Amino acid sequence: MTQANIALIGYKFMGKAHSNAYRQVRRFFPGKIEPVMKVICGRDRAGVEAAARLYGWEEAETDWRKVVERSDIDVVDVSTPGNLHHPMAMAAAAAGKHVICEKPLANSLADAKEMLKAVEKAGVKHMLMHNYRKIPAVGFARQLIEEGRVGRVYHYHGAYLQDWIMDPNFPLVWRLHKNLAGSGTLGDIGSHIIDLARYLNGEFTAVTGQLTTFIKERPIPGSGEGAWGAKGAKARRGKVTVDDEANFLARFKNSSNGVFEASRFCGGRRNFNVFEIYGDKGAIAFNLEHMNWLEFYDCTDRPGRQGFKKINVTEAVHPYGGAWWPPGHIIGYEHTFIHAIHDFLVALEKDVMPSPNFRDGVANQAVLDAVERSARSGSWEKMK
Amino acid sequence: MTQANIALIGYKFMGKAHSNAYRQVRRFFPGKIEPVMKVICGRDRAGVEAAARLYGWEEAETDWRKVVERSDIDVVDVSTPGNLHHPMAMAAAAAGKHVICEKPLANSLADAKEMLKAVEKAGVKHMLMHNYRKIPAVGFARQLIEEGRVGRVYHYHGAYLQDWIMDPNFPLVWRLHKNLAGSGTLGDIGSHIIDLARYLNGEFTAVTGQLTTFIKERPIPGSGEGAWGAKGAKARRGKVTVDDEANFLARFKNSSNGVFEASRFCGGRRNFNVFEIYGDKGAIAFNLEHMNWLEFYDCTDRPGRQGFKKINVTEAVHPYGGAWWPPGHIIGYEHTFIHAIHDFLVALEKDVMPSPNFRDGVANQAVLDAVERSARSGSWEKMK
Amino acid sequence: MTQANIALIGYKFMGKAHSNAYRQVRRFFPGKIEPVMKVICGRDRAGVEAAARLYGWEEAETDWRKVVERSDIDVVDVSTPGNLHHPMAMAAAAAGKHVICEKPLANSLADAKEMLKAVEKAGVKHMLMHNYRKIPAVGFARQLIEEGRVGRVYHYHGAYLQDWIMDPNFPLVWRLHKNLAGSGTLGDIGSHIIDLARYLNGEFTAVTGQLTTFIKERPIPGSGEGAWGAKGAKARRGKVTVDDEANFLARFKNSSNGVFEASRFCGGRRNFNVFEIYGDKGAIAFNLEHMNWLEFYDCTDRPGRQGFKKINVTEAVHPYGGAWWPPGHIIGYEHTFIHAIHDFLVALEKDVMPSPNFRDGVANQAVLDAVERSARSGSWEKMK
Amino acid sequence: MTQANIALIGYKFMGKAHSNAYRQVRRFFPGKIEPVMKVICGRDRAGVEAAARLYGWEEAETDWRKVVERSDIDVVDVSTPGNLHHPMAMAAAAAGKHVICEKPLANSLADAKEMLKAVEKAGVKHMLMHNYRKIPAVGFARQLIEEGRVGRVYHYHGAYLQDWIMDPNFPLVWRLHKNLAGSGTLGDIGSHIIDLARYLNGEFTAVTGQLTTFIKERPIPGSGEGAWGAKGAKARRGKVTVDDEANFLARFKNSSNGVFEASRFCGGRRNFNVFEIYGDKGAIAFNLEHMNWLEFYDCTDRPGRQGFKKINVTEAVHPYGGAWWPPGHIIGYEHTFIHAIHDFLVALEKDVMPSPNFRDGVANQAVLDAVERSARSGSWEKMK
């Protein structure tokens, strides 16, 4: 195989990001397998056809089952709302396709486990799109940890704070429906900081958390003249069935403690995904809003010479280094997806399993599940 | 009364800071009552006499009971390890003295309540030395909140991270003994971030937390040649009976959520006391390591013009403004104590109760107590 | 015309960046004119053919004169070393092609003026690739200035600091030859900060500057086993004929003062292009290494509420806003070129002159020329 | 001698800062010589008497000549407007007193030279109060440089930006009169950045600069109802005879280049005194508004591990370390004066010349003088 025919399901935010990744990956990363942007799929014909033209897909399709079953498709990329991940991934696996799936893997732990079982049974490659692992600074953080520069970890703090639904008249979009999204802030951005923590600090053993919905009802899109914004006040309102904020404490297998915050109600934090890791040898701090930088503190520096060093992670020696621009010339959000697709294609080429994959999805979902259980029980909950 | 005769018990770190405050306060803040540095008290005669000379106290004393009962003393300032707060404050109240006490108020909630009862019965002024309230930027944060610039609070994050006992050979000082210090990181610096949260966000209603001791045994001071550092390895070791780290989630009376981290094991964070408050109108961020600044985000700014504004809180219109140097000329750690003593003297002058006081101490202790209970129970605990 | 056939001359750093811009522009910015990546041109056949394949050009060519004269070419994009800008742009204009040219426009003011005369006589569109104008934060800065939020400008500081040739064994590449590059740091990155200053603060009236070459000789590439790095020491050395650093003071037409620094010898500054503008109403600060942010200080804020506000310039209302990702999801270096090409295509579509163009190139070159003259004369020099 | 009797002339801003230094120095720095706050002197009897009471001076005096001639005075501290430095220091030297003098040393280079001659002839100790040398982070920067961690310096940038006279109705205070202040921004804060550059980078050899007065006339204090602020518009106006802003380029004896900015018209910069030093081994960055920190970049760190390290300069091993509070507990503006007085007392004790002293004052004045000459000549000027 020298080509990999891709079918992408979903054409909005993630559809745009994934499309860009397929278009760009080979322009910056050489490789033996060329991804072919075969077909993009979505429910709205006009919408998906426009997307196909805009993003450069050969065909547009509205029936995802047809797409999954096409014999010329090698890879199915599931970039839809969460409730569709399970049926689509199951069908794709059944059809023997490699599967890429947006995060979180599923809307429940049970679904996630089934999906893992299915892809493993099918023997296909599977990848979970936790794109933030693919930030050079994050990969570099992992490298520092693997080198022992952080040492025994004592404390891990992860936060992902946003503010895009603070307006009470922001409409009741799919991400605010439990049956579509599985959970709210927890699954959407909480899953990201769980993934980063797992990547950098290993497995969770127990959590205790709180889930809060600050705005209980919101305008139903299309339910009145002017569905949101100032006019949203006039729209019919429906119940918000997911959490607006998820905070939790954690214990890790490596015996460190974790403190996590995820919220969509933190004004001024547009995309504030930060972590700090403190160990007996060093400490690391990262902020997605300045994603080309990593701060590193070396406990072994001599007294008086210690401090957080702000490293611009754009050098040739850094992860994905040299592919883009000279040192100091920064990259952005979209590049994380390009790196992920590059890694996926490398895995296909080398016939190894990409990372993160559905195993990570299940482990992540187990944490989400334990947080939800603890929010109900008011107690610490272990992973199931 | 135009003079207030002060007796200070304790002559080390806090003794130095309090002494400086008494010496300096009237040089920068005019007022009708002059504090007189009458007597400093400590157990070691040579030590306390040296301190008296160095800091400018008229007399040195080794028996605190004598000091408390002296008829010429108006104010007893308790700056000792936690286990002595209760007996000293009780005796001072009984002797009809005004009392200033270092934080946390006591080593247990029961003790704290008794102390409050005693000072209230005695009808004396009482103050709790939570000096960080007295930072201009913190007072300014409160002012913004009172003006409604933050609005309904959704999320509060407080962290106090230090790294001074990360070395496993750091000795078993009094702060690491439960019977002396009451608790470890929790009471020492956790109490600070609880106080700031209460000051800025109101009362806690429930918490769930975890307490961890990373280094279980440490060299006993004086137990071997070279009691700490590299040679500490040879010293006899004793058990650490307090927590090294305390993390907790909280719910507040105003229905907001809280996330708290306190640790002495976060490398590179020497004195990293930060908070962020997120409301529906605005957000605030503070960092003690840059204590002359406050960041404020105004949700009501027009789109595209929003962002955290970094305000240098050194203007004449700011709390304690104009007393020190021109705008932009920063102050430091010691000034917080001077402000506190200034506030205390103003309270004496106006015959009102200073703030924070033993009522705050009890409320703070109730949170410490609930965190400790939750760490044992694994569940959310309400304030007692 | 619904297509614009592009010929790109140059296939290395700038060739890569421009190619990416042509490939990406229509994926994110709708428009009536589709750029067609017709032919890429370079002297080395193998190199240019590989580039054509990698970046997606239909054809590769080694003779730039042929390319310029092809009747199917609408736009000639000159992305070569500076000494070739003049002949290529002159030939392109003579052939009636629209011309895009990398900065600085020419290697001398006289050449630049001839080029402007030629494109104006030919009546073609011409654009100068000062891509940093196309950063949303920079466009936003200009918008604030145009709105009067900065007011009468007193002081402008621009610096562009890099460190990529600090190693004395870094080889004598074309950018270090005066006959190829025109000048060194001055023309390469000094021209950028001059362009930003002209864009934001208007025309220069006089300058006085200093040009310095710190490392006088360097290894000639290919002149010995191991042409650079540690082994470079063994290579034959040639004379560096350009400046390593260029500093200058300026006066502007609006009566403000300017202070400028450009250096390739500032360790730790990989791509540190910063400016601060101070006026009687407000101040602005920008740093390319954090290019998604702009800091704005409003002098008209009430006392005590003043401070630099850090604005994340990724909102839909910002320049180029909404084309990319949701607010807070940052873009990078390459996007500046895409914005520039977008602006160029809009200009073609609307039949207006793009900006910046060769007029800006001449004005910029006049400043470079005056700095060089002042470095020789030791006195203030006016623009010619 | 075990006591040093101090006479301080001047009781306003600098009088307050110096008084505080004398009061505090021995509380934090042990030493054999105790400074005795003997007499404070000023023209206004009521004012100087209030200052004496407030700051703790034994006596108040209005005639500086009397003070200087008192046989019981050991040290005369000149903290007056610049025009009085020369007569006072000359008289003090003639009377055999040690002299401390505020910066800049004099209002002209000729005066400065005479003053140096006088103190040298008298054989007294002399100190120039360039207090910013005494910031721990600045001393630490010098230490790094002396250790060779910066190496051969290429580029030095110093800026001191303030905004306190931006209001055109800010009154015509003494600092805006050439006959009183010597020069404006140049001498007041330009002298500070010249001193820091001399301390860290050695002697200047040539400069070229520009001096600008933005607001040509201002309200004369006391000349109308409401002398400044909004009402200042009604006051009688007088001519501003000094510069509002001073920018200059420099060459240093060590062959590095310098770029300097000093302005009182940079909105939002209250006390923004920054420097960056770039050498072939490392780079250093400092900002007075965050004066407890120093950033250091080590060129010799391995590739990918390089970055500016933000060091909190509050450790026991740092300059003046251990005297104040535990690491991470910051100090402020006033501490610089205490350090300076400490250094002065150490010099008395050891019978060595304090630093900086009148020799530094003359060298500094020579740079100020050369900048003024270059501003007139429009050319580079050497030091006289």
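A, B, C and D label the chains in the order they appear, each numbered from 1.
Everything that follows uses one rule, which is that a contact is a pair of C-beta atoms (placed from the backbone, for glycine too) under 8 Å apart; a residue touches a chain by one contact, two chains touch by 3 or more.
As the structure is a computational prediction, the values presented were derived from the model and not from experiment.
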Separation of subunit D from subunit B in steps, with touching chains one step apart: 1
Chain whose average C-alpha position is farthest from subunit A's own: D
Pair exhibiting more inter-chain C-beta contacts, A-C or B-C: A-C
CA centroid of subunit A to CA centroid of subunit B, Å: 41
Geometric centre distance via CA averages, subunit C-subunit A, whole Å: 36
Whole-Å gap between the CA centroids of subunit B and subunit C: 54
Per-residue overlap in subunit A, given as positions that touch at least 2 other chains: 269, 306-308, 312
Complex interface listing, subunit B residues touching subunit C: 140, 296, 303-312, 315-318, 321
In the complex with subunit D, residue positions of subunit C that touch it: 154-155, 157, 159, 161, 166, 208-210, 212, 214, 244-245, 247-249, 251, 257, 259, 261, 263, 265-269, 276, 278-283, 297, 299, 306-308, 378-380
Touching residues on subunit B, where the partner in the complex is subunit D: 13, 17, 19-20, 23-24, 26-27, 54-56, 162, 164, 269-272, 289-292, 312, 314, 324-335
